[in-house]
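Consider the two complexes below, in which chain A is the common component and chain B and chain C are the respective partners.
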Partner chain A sequence: MVSFMLNGAQVQADPKWNLLEAVQFYGINIPTLCHDEGLTPYGVCRMCVVEVGDQNRTKLVASCMHPITEGLNVRTHSSRVIKTRKMILELLIARCPSSKKLQDMAAMLELKQVRFDPLNEDCILCGLCVRMCEEQMVAKAIGYAGRGTDRYITTPFDMTSDECRKCGACMYICPVCELRCQGPQASTTLCSGCINTEPVCAPDYGEAMCFMVPCLSCVKKPEDVK
Partner chain B sequence: MTIDESRLDSIIDEYNGEQGSLISILQDIQAQYQYLPREAMDYVAMRLKIPRVQVFGVATFFKAFSLKPKGKQRIHVCMGTACHVRGSKMVLEELERKLGIKAGDTTLDNEYTLETVNCLGACALGPVVVKNEEYRGQMTPIKVGSLLDTKKP
Partner chain C sequence: MKLSSEKELEDLRNEIISGRDPNKLCIAVCGGTGCHAGGCSNVAQEIRTELDSKNLADKVDIRITGCHGFCERGPIVIVYPEGIFYQKVIPRDIKEIIASTIENGKIIDRLLYHDPVSGEKKIRVEDITFYQKQNRLILENNTRVDPAQIKDYLAINGYSALAKVLGKMTPEIVIDMVKSSGLRGRGGGGFPTGRKWESTRIAEGDVKYVICNADEGDPGAFMDRSILEGNPHSVLEGMIIGAYAIGSNEGHIYVRNEYPLAVSNISTAIKQAREFGILGDDILGSGFGFDVKVNRGGGAFVCGESTALMASLEGKPGEPRAKYIHTSEKGLWDKPSNLNNVETWANVPMIINKGSKWYSGIGTESSKGTKVFSLVGKINNTGLVEVSMGMTLREIIFDIGGGIPGGKSFKAVQTGGPSGGCIPESLIDMAVDYDRLMEAGSMMGSGGMIVMDEETCMVDLAKYFTNFLQEESCGKCVPCREGLRRMGDILKDITEGKGSMEDILLIEDLAGMLKDASLCGLGMTASNPVMSTLKYFKDEYLAHIIDHRCPAGVCRELITYGIDADNCTGCGMCKKNCPPGAISGERKETHVLDTGKCIKCGICYDVCKFKAVRKE
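Let's turn to the complex of A and B:
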């Protein structure tokens, strides 16, 4: 076992775990997108960023790919992390505003605006389908092609292939091919349908985080909470 | 197109059929055929026991690999900064118009392939056009005609 600091608390974890698994083991909720328990971590969506390091020497790392080392100082909800996470989500939504999963995540992170022009693409290149096809379905029918901004997911030679059994697992796991709810602002980049308009009790948590759900349960009396 | 499997076998055997030698194998195939035929990539995937999509991914990732057949003569127009400010865009447009193709394409008679490069490191000569490894400096849209065979329309 290795011991490390998690939001100011001394905790222990199995050295074989990655940081995300340890953080989730201690019940702290980090938004993830390209992570799935049955698949190898890939570290592309960066939604699971956490801050590691001491005082002025901190850095942001993707927790799903980061190993746990003795004495690691991890903050999962510092203001820097929250700001970065919102920016990453903003960029993802600008690419794929039609995704329900991304819109739900925006409501969860209380993202209020998207400052980028929507691209309306249908893929965020999270690689879930590629890993699903290879690791769980053992078909290896889809993969990446091209490079940089031209990168896309495809079948060999962009043609229907014998490897594909049409099992549909890639569509099952895809976070963006599910349509978002047709709420009051169905055509806007950010539908804000489920956004929590209540004020949060503290603007940021620094070292620690609040576990009260719903928010304000620390100041509200039980009869106030419906 | 039919491919000669014994030729591919000799290339693959040179690398002992190692999966890690995929790029080297594809380079050797490209040296033989001037491009990567689809059947050859299928065969390589089968021999190396790797997914076909992985071979396709590597072949599309690198600009050095081409999935389209190349013409007999290859013309590269430098689009680097120095060549750009000295009018390489007009040179390219003139070539495109003369050959009737866009950059990256091959003429229908498989004679010419027109490509752009980002810098050839010969900025003092700019705009540079390379025809079959032969460097021609200080190109202008007028001089371009001398690069091509006059018998072509």
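Let's turn to the complex of A and C:
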């Protein structure tokens, strides 16, 4: 076991874990987009950044790739971290405004505005599908092409691939095609609609007793809650 | 001939030196890429033909050397032993050089270098101001050897450092020596070389690699190319010493394929070193074995980044990966690997030979030794310069570089390549070393120096570098890919007069995120050009945004051309040259420019001899 500082608390973790796993183990939520438990970390969305280091010698690192070292001082929600995550998300929503996952994440991070023209792309290049196809489906049917802003996901030579078994695992794992935002696509591209009108707890907890009064995401009014 | 001991090496060296007459006439022709483009191979051919026809071939040697640095004046020919410096030589000059200088010892005035400032003519290399203030520890040897001849390198004491290391020093002592010399990496980050070697040495693993980074993707930079072309053995010698210190038996040189001469010269050098027992098993009979492979890269800027370079060496796409576990522990094929830049390697033999004390006596507190810069842009003497660390920008630009051409004034200098920063006139007396440059918001990078005059628009410049980086970004991580795309868009808007004050805030937010969250050094440093110009030339940004005006008169959307009635003589030059026919007027009468038809090509402005065309 190694011990490290997590938001000011001394905690311990298995050195085989990465920082994200350890932070999640302690119940702290860090937004991620390119990470999946069953796949090799890729470290490209940079949503999972956390601040490490002491006093004025700190830096941001991608927690999904970072090892845990003895005495590491980690802050998961410092103002620098939050600002960076919001900026990244703003860029991603500008790229793919119709992703429900991104829209929900924006509501959670309280991202209020997108200052760029929407591109209406269908892919954030998180690479989950590529790793899913290669590591879990063992097909290696898709990969990357192009460089920089021209990068995209495709089959070899952009042709129908014999390796592809049409299993659909890539679509299953994709954070963008998974669920389309059904909102009005306002010019601001941010409406926080779903997260404010749907009782996020309802499907999970049914009739269970709720002590959250008032609950910001609940359609029930405080007086309905007995 | 395989040398199997230090003694055999020394015997061979003595044999080579004693077989050479230092007073024999020798014509050295610069064979660097710059002079190649100027036609030096025809010059060399002409010299051979002429010497043959006059039966002088035995009396006069001819040597094709590496780059002399003064590419602006190429092709360069130097006549030894006197060291007479002839510039801009063409094949037609050769007959005269041989007849006058070689046969009669007469100097040809017309081929000498005339100092643009004093107007004096300079006869010898050491008289030329371009060279006088330099400290050419590395580049000097470029002019003294034929890179295709290992014997030339041996004649200037080559591989003596290697022999010393293998014969008398333990790896730990070598590392200590490099550490105390204060040598820092010349490829960009300036990481202490000795410490890097040490961590690779102590990393666990029986297979370790040493790698030479000759990717050099910065526009306008060519120092690594010229070292590899001009003196490849010095890089090899450094690598073998490093490999011995680290405990590695296999090396790689990653050189871009666009450098055919460098590829060919280093390959020849490797072949010759193997023949002489300097590479391979049991080097100089010491029991230590090491060999080197040359790998050619496809020329992506990002492949100069250490992890991308290693991925490319493994045959994978050249994309960086997280470096939270250092490459000194897990690098190429997950084995401990030590990567250094060409120039870093070339410094090593010198340190071993002359000692770390001597080396650390050169330079500043934090930066030791010399640095090669490629001085380009709006400057009189374009070329490669090597100076001691700590020289001021003023000395480099005005004394060595000869100042700004055309009587224009100096505005700023971009150091550190595309992801470096712009340093303004007010900081021109700054001493150049790793830390001062960082403080000024720029960096040493690999040593590019692009000089700009008053006619450069700083917003346009930031846009140019941002677009370059956007195109060269691998596109793997979000901050760099999406951030640079938007940064480029914003700068484009500003240069077209469509910017707003919020854009400045957005630039700052994007820059902060790029620096903090990017995966590799490309993204982390990509905001330097914008942030440094914004810091030192904010008024120019504001002029574009608020007044819709480009003070330097560069941004097309923001300038208009017009004709000044007072100065116009009615010569008709502008009218004749205007592509869309936007200018009208009778001969000897004031001409008129129709701004509606004008496509802002600027041709009229350039051709008017009477300064009657206004740009505003």
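Brief remarks follow.
The rule is simple: the second predicted complex is superposed on the first by the 183 of 226 C-alpha atoms of A that agree within 3 Å, B and C clash if a C-alpha of one lies under 4 Å from a C-alpha of the other, contacts with A are read in each partner's own complex, and residues count from 1 in each chain.
Following the convention adopted for this analysis, contacts are C-beta pairs under 8 Å (C-beta built on N, C-alpha and C of every residue); 3 or more make two chains touch, one makes a residue touch a chain.
What you see is a predicted model, and the numbers here were worked out from it, not measured in a lab.
When both complexes are overlaid on chain A, the residue A:163 reaches chain B alone and has no touch with chain C.
Judged by the touch definition given at the top, the superposed model places A:147 against both chain B and chain C.
Within the superposed three-chain model, A:102 lies out of touch with both chain B and chain C [touch as defined at top].
Looking at the superposed arrangement, the partner reaching more residues of chain A, out of chain B and chain C, is C. In the superposition on chain A, A:155 makes contact with chain B only, not with chain C. Taken together, the two structures place residues 144, 146-147 of chain A in contact with chain B in one case and with chain C in the other. Note for the complex: chain A touches chain C at residues 43-46, 49, 59-62, 65-67, 80, 83-84, 87-88, 91-92, 94-95, 115-116, 124-125, 144, 146-151. Those residues of chain C lying in contact with chain A across their complex are 300, 317, 321-322, 324-325, 470-479, 481-486, 489, 502, 506, 509-510, 512-513, 516-519. Contact residues on chain A toward chain B in their complex (touch as defined above): 134, 140-147, 154-157, 161, 163.
Put simply, chain B touches chain A in their complex at residues 38, 41, 51-57, 60-62.
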